[in-house]
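What follows is subunit A paired twice: with subunit B in the first complex and subunit C in the second.
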Partner chain A sequence: MSSSSAPRSAGWDLLGSELTVLFRRRRTWAMLVAIALIPILLAVAVRLSSETLAPGEGPPFLDRVTQNGLFVAFTAMIVAIPLFLPLTIGVVAGDTIAGEAGLGTLRYLLVAPAGRVRLLLVKYAGVAMFCLVATLTLAVAGTLIGAALFPVGPVTLLSGDTIGVADSLLRSALIALYVTVSLLGFAAIGLFISTLTDVPVGAMAATVVVSVLAQILDVLPQLAWLHPWLFSHYWLGFADLLRQPMDLSSFGDNALLQAGYIAVFGALAYSRFATKDILS
Partner chain B sequence: MTPVTPALDLAIESRGLTKRFGEQIAVNAIDLAVPRGSVFGFLGPNGSGKTTSIRMLLGLTQATSGQISVLGQDMPSRLHEVLPRVGALVEGPAFYPFLSGAANLRRFDTADRHAPSRTRRVRVDEALHRVGLTHAAGKKVHAYSLGMKQRLGIANALLQPRELLMLDEPTNGLDPQGTREVRSLVRSLAAEGTTVFVSSHLLAEVEQMCTHAAVMSAGTLVAQGTLADLRHVGETLVRLRTPDAAAAQGVLSRLGLVPRRTDVPDEDPWVMAPLERDTVENLINEPESLVSALVAAGVRIRAFSIEEPSLEERFVALTGEGFDVVQ
Partner chain C sequence: MSHKSIKWLPAVVVPAVIAVGVIAVPLQAGAAVDLPDKTAQQVLLMVSDSTVTAFSGTVEKTANLSLPAIDLGAEMSGQAGKQGASGSGDAASGALSSVLELLSGLHTARVYVDGSAADGSVTDGSTDGPAKVRVQIQDRMAERNIVSNGSDAWLYDSETDTAAHLAIPAGAAASMKDKMAALDAEAPADVSTPSQLADRFLSEIDPSTVVTVGTDGRVTGRTVYELVLTPKATDTLVESVSISVDSETGMPLQVSVRAAGQKDPAFQVGFSSVDYGAPSADLFDFTPPAGATVKELALPQTPANHAAPDVAAPDTARPEVPTEGLPVVTGTGWDAIVEIPAASVPPELGDNPLMSEVATKVDGGRLLSTSLVNVFLADDGRFFAGSVPVDQLQAAASAQ
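Let's look at the complex of A and B:
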């Protein structure tokens, strides 16, 4: 008896449970609804206003929305990326460990025993999944409202080429993926910050502040040398997917950069959490 | 499930277990020895280091120094083998308020890789049934009373058959009815062979459920042993009320006791004498022989009692009175 050799499962159940808890939470739904409202408000505002925008006026692509509803999703993406998406991801990522600590459930997960490394991995996977769902929500809501309020037709790309509706839907999906990948480094920073405190609101706020700071640094020309190293540097780089042929070089650089952030902040989160005294 | 184990087999053993928070020593070199199969009361006033000790035993916090062995294995290095065999309630229950009671238990169960998912639903239902929460299984935890949360916390510790249960203040927030239920639950678990380690600041509780106890005071383990051992340290008293106090004192002195007298205005005086276990064993076993000796000497007895030392006296002697606990 003393050598407990009960069969160990691979441990996917905890991930399933994490996703269930995350996506059943009313807070998560509220954030996803708010995300979906961005393209909807944008499309309704454009539809109701009688003014026609001069090319280049307003956010990128906004002037094209009236001619082609498929641009709603692209415009909404550009509007949401700097503030709203990082805000929601900051909430989810900042809540990962600090939220469990705040509720006191962290100690029960750890004595179950969940394993500290496994718990971190599961928590990160949950945030990554939220990033994907959030960007897909934006893309799908944008496409649907665009199709409902405006004509839909072949899309003229930034390179001047024209692609069909099906191809442009595919590009929308690819853009959602690109944006998701762009956010993964930021998600890892949020996970790390979340291991530092037992107060979830503090971790959320700090995570959002980090995203704002990075974007401020990214617009200061004096810090040009730093720009390629900022996790937010490629956040708006998805426009490269709207060229023919697709320019994937920025995607490669971005993926590498995000992987670096994940490695560094994942290691920091591990070193902090593996030996942390759980006093909550 | 647990085979018959030798008396010296320990479910929990710590040596020199110490925890420091900066300058403050929360737990100071404690040597716990919890025998397998015992119901072990971990007593001490609030703030005496009980919960900190439990957190170290469960691998939640790191010991500053000292060794821990739980179920025969080193902690925290063998945490992943040890903890699936341990059920725990640490510093009160904690749950996701937006999930139902049953969903909370399923959530914690998924965290244990040894917990088979096939039987999860059944095990959760059984645990809820065991603590009498079947009717509230589908209710969100934020609608639970404190007592219901406490029971749900105990149910969480019972999701699988355990060799050791560590229950930190399990009757906190429970009404007298609930307290009694927890007590009988602990007894039935102990009868099944589970070692139960219960922390409490309530003496009566420990006195009623436990076979062994340890007393903490200001981070130090000041006493440890079977309940009987702990009690023996105090003195048993013989107490009688009589108008013939002087004669009674004479009789008791002749029997080898050291009587003393307390006068009460307008009433008969009390005569008391401590009974020391070693010297007057037969008197303790047969107190009626005292009565017959007194009556034979013409002492009019109006009241007579043998008072066993209470654990409470011992506890207060060790840890200080009331809120005036040692810090």
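Let's look at the complex of A and C:
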């Protein structure tokens, strides 16, 4: 009993301390505050501006915000996905292994036997948790500021049907979940890149570059065959949750795609990290 | 050393396993299907005997017409903004860009049809029957909806937040049925049963077309018979039209049009998922959202033999076509050429910037060339179109 439960509880302890360290960092808080500022700035700008947007002008749903504050969260999500969310996730994921190596603390984390696999899993779980917290921050901040500055009422879906406020909050939560899932493959790439170097800033920058690159490839029509295989392909696919009835097929495709990325880059990260000489 | 190389195994094995899976799963889906042999006549009978009255599914349309690449997105949204002040030039190019949009790229739509209330007449997607229909064309971050519940038809575009409403007179469906009955009565005696109808259809198209049953296959996981229509004419751009018919329900699930000398189908519409259960009834009750711009459409005054409103294309700004300038069709079958006299061609169409973007200059006019259809705009303003090589269109233009 002691032989099997001791490493497991040690794993949970490690996860607990990893999450505590991650969410106590000032940098993490600064990034979450910056994420929350996106919907706030957006809502305040719309509130202060006197001109009314024509339908279809600006980012999707922006023209609806004045009639219904609940749209702030949707618009903020669309605005944040291409650059801001990948940027913050790139910072957290790029820091995972390289950050410890850079600080010279990696050695101490690996004193236990079979510690490398567990450390990778714990680090990845930390990044995944950050993805969830970041998207939820965006959704909650958007809903709150929207409710504070604009009237709140039934939400018109893309299909023209109208749903109530409670249903709309449920869909906001589902959208946050959808976006979290669609960022998991990218987080795995960040983890792998982080095992390649001892310089955290390099890993962060490389991870963010990968996300930008994938999105550039995703808009080139000549590479249409490649698009369904890009981890960023479904980043804006959460619009399918705003249709009536909800279209869950892209959610399934997306989950499968992200699982593939997690498997491939998880395996690469394992092989690289398990064979790495830890000198610091 | 060997210890280390073992640790590199996952990095090789996992991607390899995924690659194999990616290749093997579609192969398995496309595994050979062997259905009991049927003749073309029997497959046609299956279609006409089909009892499917309600279904829902996702339809995908891919077009690979080798159209010149143009930025339709920009054109479309530009049009959408201007549409309010609808000058006829705007309307013409709006219609043109809609057509071009339909003919290019990939579109996905969800389709819900419930005809069970209307004594089993299948309308497979067309909205001119009494069935309840909802079509949702999915765009990026937007959606276009067409809803018809038998008494009201709605069009809703989420991007512009506009809705259009068309009231269908209560008599439309009934008079439609009367007309069908009248047509049946007038029909020659030898088409009183579906099987004779199938025979007659086959013999009617026999001079121009070879109808065969192709290889059995699968569409969206269902086994299908493939009905292949091959033109006998050698100078047409169409190589073949194949219709995949569900082997259990007799419902056509996919239509592909192949162009001569092109590997991928030039145009393909088919289900990527289908469900034969009745869709939820509240899908067909549409109320325009608060704040949307609602436009009432008047039912076009149609000639007596065309009672059903064409809600699929409510082009209110369609220019009135003078009756003396009706299109002339030369030839029959696949290599027919349609000529539209200069008088009937809206002048805006020729001067349309979009037109000049997609058309190329050729001898005697301008040409819009695709792998299936060529459209020739002669310098004197006449329009020629047909599934034939360009030189035939030019010959037809210079012959008169």
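Keep in mind that, in the parts below, the second predicted complex is superposed on the first by the 267 of 280 C-alpha atoms of A that agree within 3 Å, B and C clash if a C-alpha of one lies under 4 Å from a C-alpha of the other, contacts with A are read in each partner's own complex, and residues count from 1 in each chain.
As a working rule, a residue touches a chain if its C-beta (ideal position, glycine included) is under 8 Å from a C-beta of that chain, and two chains touch if they have at least 3 such contacts.
Quick caveat, the model's predicted, so the values are computed rather than measured.
Undergrad: Once chain A of both complexes is superposed, is A:R243 in touch with subunit B (first), subunit C (second), both, or neither?
TA: second
Undergrad: A:S17 contacts which: subunit B (first), subunit C (second), both, neither?
TA: In the superposed model, A:S17 contacts subunit B only, not subunit C.
Undergrad: Please indicate which partner A:T275 is in contact with in the superposed arrangement: first for subunit B, second for subunit C, both, or neither.
TA: The answer is both, since A:T275 touches subunit B and subunit C.
Undergrad: Based on the A-chain superposition described above, do subunit B and subunit C contact any of the same residues on subunit A, and if so which?
TA: 275
Undergrad: Of all residues in subunit B, which touch subunit A in the complex?
TA: Checking each residue of subunit B against subunit A gives 1-3, 55, 58-62, 71-73, 79-81, 83-86, 88, 90-92, 94-99, 106-117, 156, 163.
Undergrad: Enumerate the contact residues on subunit C facing subunit A in the complex.
TA: Going by the criterion above, the answer is residues 4, 7-11, 13-15, 18, 58, 69, 77, 80-81, 110, 136, 138, 140-143, 145, 154, 156, 158-163, 273, 280, 283, 286-292.
Undergrad: Quick one: in the complex, what on subunit A touches subunit C?
TA: 54-56, 60, 63-64, 67, 78, 154, 156-162, 221, 236, 239-240, 243-245, 247, 249, 260, 263-264, 266-268, 270-272, 274-275
Undergrad: State the interface residues of subunit A toward subunit B in the complex, per the touch definition above.
TA: Residues of subunit A touching subunit B: 1-4, 6-11, 13-14, 16-17, 21, 24-26, 103-105, 107-115, 119, 275, 277-279.
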